[in-house]
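Below, chain A partners chain B and then partners chain C, in two separate complexes.
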Partner chain A sequence: MDYSLDIKDQEAVVRLSGRLTFNDHAKLRALIKEMIGNDAKCQVLDLSSLEFVDSAGIGMLLIAREELEGQNKKFLLRRAAGQVKRVLTVAQLGKLITIED
Partner chain B sequence: MTGPGASALGASELALGGGAVGEAVTVVAEEAKRTAALEHELLGMWVGFSDVQRKTLALLRFELDRTSELVESSTVDLSGRFRVLAEAARDQASHVDQIVSMAQYVEVDEDKVPVEQLVISMQAVIGEMIGSIIMLSQKAMSMVYLLDDVQKDVADLEKSIADIDNINRQTNFLALNATIEANRAGEAGRTFAVVASEVRQLSKTTSALADHMRSRVAAVVGGVRQGHDILRKIATTDMSPQILAKERVDKAMGSLVAQTNHFHDVLEAASSSASEMSMNIGQMIMGMQFQDRAKQQLEHVGDSMNVIDSGLEELISRTRIALPDHVEIAPAREWIDHLLGRFTLSEMRQRFVRQLLLEGTALDDLGALDAHGGGAESAAGDVELF
Partner chain C sequence: MLASQVTVLHGLGVPSERLACLAVAGGLPLWPAEDDRVGDGDPERIVVLVGSVDPESLDNCWLRPFAAWIELGILSDAAVLNKIALAASGVLVASFTTVTANRLTLARDIVEAVGSRREIGSERRDDIELAIHEAISNALVHGNLQVESMKGLTMSALDRFSEDISRRISDPDFANRRLDVSCELDAGGVTVEIADQGAGFIVVETDRCGPCGRGLDLISGIAQSCQLLDGGRRIRMRFDL
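Right, the complex of A and B next:
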């Protein structure tokens, strides 16, 4: 998994690409730190280029939500597609994290 | 000879008289004779024809009874068969109703659960399982992060122990130098030598403690690494295919419900068709009661024929008495031929031939000839009926 961070006004958009799996856990932890570290109130994960997510990846997204909301930051997922969208839908992750199209 | 002709002749004989009169009387007498002969001939023909009429009436009466019996036995047979059919249709309807009542339910622990409800509860169970998988994934990842931190802390600890060892080595070295310097100072340094020796002792104890800590920390590090490995194995087991399996399960469940509803609808239609069939057959059985009325009507026709027959019988016998013995009673051959020419049913024609030409042998009480005639030709007769 790779990511790029782009901060505009009050919104920090992190564009994820490739596959989000257990192997990315250290990278994702660093990303969470970066998201906590910037000033934007709203942290967005753009999933349009993410091809695959495994169950560990879903667990990490939930950890990110927990950590960011603990810092009073809004966290949301955006533009999921393909397998990622299917997994998010079937897992009913929308009940826990705001998901935008 | 008696009758009106004879008395008229007598009167004219009296009125005329004489030769010319005698001649005229002879002409009139001849004329009267011819008239009488013609009348006798006609009456003879009438008797012959009436005889045929009586025989025909008897035959028609026989055919009427026979037809009525045939209709009755066929109707009884058909009614019986229809009754069996109606009962089968009713049974079928009740069996189908039973299936209909069961079609949308599944028995679970002796409870009848609607398939739709079962599917919804199963989907809810699967949803809960997926929720648990996701929660476990999150907890496992939290644990991974915690153990990552612990590993870092333990590495720090190992480094600290190494620092202690380092400091201890320097302390020991310093104590050793202090001892040498104290010895060199002689008496003045004796007290300092004691302190230096104590410091060396302390350094040894510290070194032993550091060794002990190192071995304990090594055990902790080993445990944490093992735990991390196990957790990694758990966390790297991807459950997303199991999560996505719910898509297929949902589809299958949807199909199951749709199929069950379809079966229910089809079976309900089958049940109502069977009920309708049973009702229609019942109405057909009711309709067959026409046979009772037809039988009564045929009996009335038969009675009327009997009245005509006895009237004819009486007239024939009175006419026979009135006719002189020499008058020939002519059988109405031509009429019989005409009548027989009209029958297309061979069996019936045979009975008419026997009755009219063989003087009624076909109508003997035993019916032996009928039985004989029926055997070979009944099949042909049946075919002709249709």
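Right, the complex of A and C next:
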């Protein structure tokens, strides 16, 4: 998985690409720290270029939510497609994290 | 000797002497160099023995006619020959060390291999890839590397998980443990087995709720059947196609 961070006004958009799996533990740690460290009140993960996510990847998204909400920041997922959208739906992640099209 | 007329052996980064010995012992011809190939097209099955190569060059490794990828690592000739025999019988085989398998996208390669041999709808394909991926990550992380799931949804749980994996993967005693995948197609579907060399485990229902612990439930929801064998070191999954 790769990511790029773009901050506009009060919204930080992180665009993920590739495959988000257990193997991305180090990158996710770095990403969560970057999201906590910037000033934007709303942190968005743009998943439109993400091709695949596994159960550990879902777990890491939930950790990001916990950490960011603990810092009083809004966290949401946007534009999931294909396998990623399907897994988010099956895991009923929408009950825990705001998911936008 | 294997009486196969259709399976050939190919080496990538394998010393030619060892390759020649394994070909003789396995009763398989070597895949001729490109300039020496005669006749019309490729053999039915190519078994690739992997020596010292960059794992990134092994993408899409099971597309026809490639049917087996066996990383030699520290395997004995007898162990290599067993895997060659399995591949020659028509089973798709992948056998890698943990450190190499961790750099590959094996689950994707497996579904692409199956998809190149059978027609599968895209949603079913995504689901099967996820099930196989979860089984492989369980085998690598909890099996061979003996790293526990993240406990709770906290940064410290992620830090601990990440540090444990990094430490174990740089320890040859863990990194050289094998991941063995076999994949057998038949008229009704495909049977996939994933084996590791970890300590094994006993499934306890209450272990299944952490971020990583969902894997087995996910697999059971996608596969038509799912069995844990060898004390939890091998999982056999059946997918109807």
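Here is the rule we go by: the second predicted complex is superposed on the first by the 101 of 101 C-alpha atoms of A that agree within 3 Å, B and C clash if a C-alpha of one lies under 4 Å from a C-alpha of the other, contacts with A are read in each partner's own complex, and residues count from 1 in each chain.
Keep this in mind: a residue touches a chain if its C-beta (ideal position, glycine included) is under 8 Å from a C-beta of that chain, and two chains touch if they have at least 3 such contacts.
All of these numbers come straight from a predicted model, not from anything done at the bench.
In the superposed model, A:I58 makes contact with both chain B and chain C. Looking at the shared chain after the overlay, A:F22 reaches both chain B and chain C.
Shared-chain residue A:L93: touches chain B; no touch with chain C. The intersection of chain A residues touching chain B with those touching chain C, taken from the two complexes, comprises 21-23, 25-26, 29, 54-56, 58-60, 62-63, 66, 83, 86-87, 90-91. Only residues 19, 21-23, 25-26, 28-29, 32, 52, 54-56, 58-60, 62-63, 65-67, 82-83, 86-87, 90-91 of chain A touch chain C when the two sit together in their complex. The residues of chain B lying in touch with chain A in their complex are 127, 130-131, 133-134, 136-142, 144-145, 148, 232, 235-240, 243-244, 246-247. Residues 102, 105, 108, 123, 126-127, 129-130, 133-134, 137, 141, 150, 153-155, 157-159, 161-162, 165-166, 210-212, 214-215, 218, 221 of chain C touch chain A in their complex. The part of chain A that touches chain B in the complex is made up of residues 21-23, 25-26, 29, 53-56, 58-60, 62-63, 66, 83, 86-87, 90-93.
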